[in-house]
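Consider the two complexes below, in which chain A is the common component and chain B and chain C are the respective partners.
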Partner chain A sequence: MTPPILRIEGLHVGYGRHRLHPVVIDADIEVQPGEVVAIVGESGSGKTTLANAVAGLLPAAGAITSGRITLDGHDLVAASERQWRSIRGRLLGVVPQDPGVSLNPVERVGSQVAEVLQIHGLARGRAARRRAVELLAEAGLTRPEARARQFPHELSGGMRQRVLIAIALAAQPRLLIADEPTSALDVTVQRRVLDHLGDLTREFGTAVLLITHDLAVAADRAARIVVMSQGRIVETGSTDHVLRAPQHPYTRQLISSAPSLTMVRPRRRRTDEASAPRTPVVAAAKLVKAFPAIEEGRRRMTPVVADVTFDISPGETFAIVGESGSGKTTTARMVMGLTRPTGGIVTVNGVEIGELPPKQARAARRGIQMIYQNPYASLDPRFTVSDIIQEPLRAFGIGHRTHRRRRVAELVERVALPAHVLDRRPDQLSGGQRQRVAIARALALDPTIVVCDEPTSALDVTVQAQILELLLDLQRDLGTAYLFISHDLAVVRQVADRVAVMHNGRIVDQGATATVFDNPTSMYTRELLDAIPGKAHR
Partner chain B sequence: MTRYLRRRVFHALIVLWAAYTLAFAVLYLLPGDPVQAMLSSGDGPSVATAAQADELRARLGLDRPLYAQYLDMVWDAVRGDLGTSYRTGESVLGAVARSLGPTFQLTACALVLAVIAGVSIGLLSTYVKSRALRSILQSIPAIGVSVPTFWSGLMLIQVVSFRWKLLPAIGAEGASGLLMPAVALAIPTAATLAQLLSQRMADTLNETFVTTARSKGASRARIHLRHAFRNASLPAVTVLGMLVGQLLSGSVVVETVFSRPGVGRLTIQSVEAHDLPVVQALVILGALVYVAANLAVDVLYPKLDPRVDLSAGASTVRSSA
Partner chain C sequence: MTIATTPDDMHGSRAGTPPAPGPAKQGRTRSVPARWLLRNPGLLAAVAFIAVLLGWALLPSLFTSHDPLRGLASQANQAPSWDHLFGTDRLGRDLFARVVHGTSLSLRSAALAVLVGLVAGSSIGLLAGFTGRWVDDLAMRFVDVLLSIPGLLLSLAVVTAIGFGTTNVAVAVGIGSVASFARVTRSEVLRIRGATYVEAAYASGCTRRTVLLRHVAPNVVGPVLALATLEFGTACLAVSSLSFLGFGAVPPTPEWGSLVAEGRNALATSWWLATFPGLAVVATVVAANRLARALVADPRGGER
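Right after this comes the complex of A and B.
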């Protein structure tokens, strides 16, 4: 048996002044040449710190406190800055997490790729530039000569990630560390980028250490999976083994929380409601939104949403699915009355909020509330939880003080938060707790519909599963309808009664969730469904 | 691009006109009579009779209503005639042009020194590894900003000329006479640049694309110069236009301290003598330098930052879906 290309033994990484705060505890990992190993864990599990320790990119606050890392015979823990310079880029490539900020904004992408070759003396001048163009082509960029002369801001997120892959693989390293390489990308782009990365590393025989929060991505891409939780490796094994016969309870929880790995039967509309049609809470008819934009030197109106028609019945969950730029968020904003449609009509509880005079519009907004994507940004950090939940009540002058306080206590209990959080401020709460507070606030005014804009995409999978369950429980008890905006088909499949798939501003598929998922009519929906990771393991 | 330039030149003309008008208003509405100031030779009381004063007033056109004076002056200025100096009787254009040479030498020299010193200190303050050295380098700019130019000028004369006898204390002969005034003038500008740059360098070095550069195997020097410096220098370039204005106003003090001829000296002499046409011309000159420097910076900026596109114009904002 060949010796492993990467061997991590008894690795401890500490943070803080005296490295007293352990982030990685006693980690042992081996990666064989050409093997793909995935490290899976939630935020705070230490997976990124582990990757940074291997790449020698730990921030100043962190350091390796004990253990050994050996890469292709080189002792990385003892390596000097000088030795590191010939290891990074040459033996070890890194594909970073966020392609949006990982390229130098003022340098052409071609020369950023060529730089790797220059640093390691592999090519210089015109030869380096030519090789950079080839590398961009290998990374899957079309028209690589033209791309090489462009600046990062002129490329899409997917294209930038391909540039970063070209950089990481330029010197044909023996090991590639990819830290959440596609989590900032749309699902169809993610799939293409990961496919391509897989092809390249197989071709070059590069070993890959894939860091991901998404067990389904790991399942698709890796031969072996390492599961981390709270700084420790809790389980290691072949992908099949870990998924089929997980040993550790945490692994089991992770698998059952991953919506794309679990075979949840799509929700069906309850028959009693389907048989007795009621007036819809939201009715959108031929909605159009166009923004002025400059195309070929001319100002013209570019439609972002075109001819969108749907309605939402009381108590049902209607999901709009689409990738970034599909127009789903603009549609939600028009429903909320925050953006005025260029054409078409949207009514909420029978009235057109956007057309009402301000005072009546305010009153009408009581019936429609919103839960935002990022619970870290949507709660005022200076307010206590009690203030936050009370605010809508106070804004509408509902009840006197004791009545409001009773209502807040009731809401907190409904979203399954302990009563003692009432006096806390948001920064003392976890992400999941914050999102529960946001839900309680949205429910304070007894709305008939709540717009949920990617309510769980900022949360870890196990927390996501709990929040989704909470939303469904609340709907059953209170009869609130949801307009659920998401890019994640697996989540939508779990929660929605009906679904509309948006692409380039239009609805390309609409119907009961089971119908759309089992018999998609549009090519785009089929592509989207194919791109959901973890398919082979369901 | 040409459309952008046309718009900017039009804006510049408006700025010049506004500066001219404001200077006129301030100078003519201010208490004090230029005729009296001209007739009183030095500090003593006026020796001229009222009749002589009236005659002079009529000759200068100062007896006419204000609006007529203003319109005449603007019309003359548009045709390129800035009038004659009350003090010396020579043409204003000639007097200003003559003082321009030495001041240009001084400010250009100071600008070069300031950029060299500012960039070196700014870069070194993040590059050196020793923590003590780093904190010294980071506190130098704060001192430089707070030291008044007249004081640093006098100290230079005291130490370099009188104690060490290295350079002449005053006078404008050649490079040896230029060095000390240029250093004195450059100090606050260099300090501002260094402060801005070292702060931006520290921020830029924490950005993610710097991590990408490190993961390529780039050396510290390469990371600092090729990746961080170009990004960090952008805000410094933005303020460069304003710093040129700072240098011009600093020349007033420096030229006085070092007894050099130039725009600064001319300004002081003209203000003291209520030499209104010359002061007017100097105000326009100041505005012109300021506008030109900022225009040059704005036109050059897209060459440094590809994300800025002048032809797109600032008025069109793309909305995202």
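Right after this comes the complex of A and C.
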């Protein structure tokens, strides 16, 4: 057996200026040449810190307290800044997490790729530029000559990530560290980028250390998986072994929480209710929203949502699925009355919201509430939890103080939060707890429908599972209908009764969840379903 | 909830606060301000100086036994000594006593100036930022007009129009700072107005007035207060400048700006006369700036 390309032994990393707080504890990892190893964990597990320690990119407050990192015979812990310069790029490439901010915005992408070649003396001048174009082509960019002359803002997220991959692989490093390389990308783009990354590293024989929160992505791409939790490696093994016979309880929890890995129990429809026709809580008819944009030098209205028609019955979950830019959030905002449609009609609880004067529109809000994607942004940082949940009651002048207090306590219990959080502020709560507060606020007025805009995509996977569970429980008890907006088909399959798939502002597929998932009628839906990671291991 | 669900974000580790679940955190938070102050000697000095200033302003006779208005002709034009810390002027008045007794007037003028700027400026900013459309355009063009005139010149013009005197000087200086308050308030309002929690408030049925009073205004306060502290230093300087030019305090009354003006005539023979009041102004401005910077840097914006 060949010696490993990367060997991490007994690594401890700590943060803090005065007293070091351990973030990575006693990590041992070996990566063989050409092998793909995934480090999986939730935020706060120390996986990014571990990757940064290997890449020599720890922030000023972080330090390696003990242990050894050996890359191809070089001791990385003791390496001087000068030695690092020859190691980075040459032996070690890094694909950073966020393609939006990782490229220099004022330099053409071609010269950013050529820079690596020049630094390592692999090519200069015209030759470097030519090689850069080749590298961009290898990274899967179409029309690479034209792309090389463009600036980062002219490229989409997926294209930028390909440029970053081209930069990382330019000097053909022995090891590539990819820190969440695709979590900012849409699922179909994610699949294409990861496919390409896999092909390239196989071709060059590059070993890959893939850092991801998504167990399904790891399952698809890695030969071995390292599971981290609270700074410690809790499990290591071949991908098959870890997924089929997880040893550690945390790994088991992670696997059961990952929606795309778990066999989904088909959502039970309450047939008795479905059979009886009832007035829909939301009815959208031929909704259109267009924004003015400049196209070919002329101002014209560009439709973001076109001809969208659906209705939602009481107590059911209707999901709109789509990638970014598909118009799903705009549709939700029109239903909420936060955005005025350019054409078409939305009726909520039998009232047409768009046509009402402000005062009555506000009154109509009682029946429709919203849960936002990011619980870190949707709660006023200066309010206590009690004030936040009371706000809708106060806004409609419902009850007096003691009555409201009682209602808030009841709601907090409903969303399974301990009573002592009532006097806390959002910054003292975890993400999952904040989202529970947001749910309690949305339920305060007993709405007939709650619009959930990606309610779990900002949360860790185990927390996500708990929140989805809570939403389903509440629906069963209260009979609230949900309009569920999501990019995650796996999540939607778990919660939705009916699904609409949106693409470029239009609904391309609509029907009962099982029908759409098993017999998709449009090409796009099929592509979307194929792109769900973790397929091979279901 | 289990610890595994605490989403302390490892990627945000730049803040240097790794996840520390558990009770250990609670005991520490209380002593943080004190320790934080000790770790910033510059800030500590600024706070101490401002405390001394407040003492001078409220109880000047506690700090000096000399009379600021009456001097002994025999002790005229003495250089600084233990008896007369800052020396004496040509009428034999103790300069330290005059500086200490002048504090109250100088600080009061500066505070009044900041108050005028704060109230007028942030009202304009709040209205412009929250109402938007033509109100915003109108208010901001008015602010542009204010900005196009150099601040001190504007104050000069105002004070000539409304008459001399310390109060008028303060009001004039305040009018000169309306523009910056309006701008900062407006940009903060625009930032907060776009925040998700504000939209969430509308979505849960709040009226515009409730949103403005309960969500937008309180969240704007932090940065605007920091600006007020910063403006306090500038106002101090502007009030002194106008007094120096002779628009402010009438001669026997001590005021820092007029003290510098008086001392200027004797700069060649008695350097201390202009220097010490000038240093008092400089130290106040620096201390106020340091404090303002700390308010901005403190993630809580000095809200609690």
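Simple rule for what comes next: the second predicted complex is superposed on the first by the 535 of 538 C-alpha atoms of A that agree within 3 Å, B and C clash if a C-alpha of one lies under 4 Å from a C-alpha of the other, contacts with A are read in each partner's own complex, and residues count from 1 in each chain.
FYI, contacts are C-beta pairs under 8 Å (C-beta built on N, C-alpha and C of every residue); 3 or more make two chains touch, one makes a residue touch a chain.
This one's a predicted model, so the numbers in the text were calculated from it and none came from an experiment.
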Kindly say whether there is room for both chain B and chain C on chain A in the superposition, answering fit or clash. fit
Chain B versus chain C as contact partner of A:523, first or second or both or neither: neither
First, second, both or neither for A:116, with chain B first and chain C second: first
For A:459, is the partner it touches chain B (first), chain C (second), both, or none of the two (neither)? second
A:93 in the overlay: touching chain B, chain C, both, or neither? Say first, second, both or neither. first
Which holds for A:327: it touches chain B only (first), chain C only (second), both, or neither? first
Which partner chains sit in contact with A:102 here, chain B, chain C, both or neither? Use first/second/both/neither. first
Which value in Å is the smallest Cα separation between chain B and chain C when the structures are fitted on chain A? 9
Counting contacts the way the document defines them, which residues of chain A are shared by the two interfaces, the one with chain B and the one with chain C? none
How about chain C: which of its residues touch chain A in the complex? 1, 3-11, 13-14, 16-20, 195-207, 210, 215, 218-219, 303
What residues of chain A sit close enough to touch chain B in their complex? 55, 57, 81, 84-90, 92-94, 96, 98, 101-107, 115-116, 119-120, 151, 153, 164, 167-168, 291-294, 299, 304-305, 325-327, 329-330, 505
In their complex, what parts of chain A are in touch with chain C? 15-17, 21, 23, 42-49, 59, 61-62, 97, 229-230, 250, 253, 336, 338, 362, 365-366, 369-370, 372, 374, 377-382, 391-392, 395-396, 430-433, 438, 441-442, 444-445, 459-460, 462-463, 466
Touching chain A in the complex: which residues of chain B? 207-209, 211-220, 222, 226-227, 230-231, 234, 304-307, 312, 316, 318-319, 321
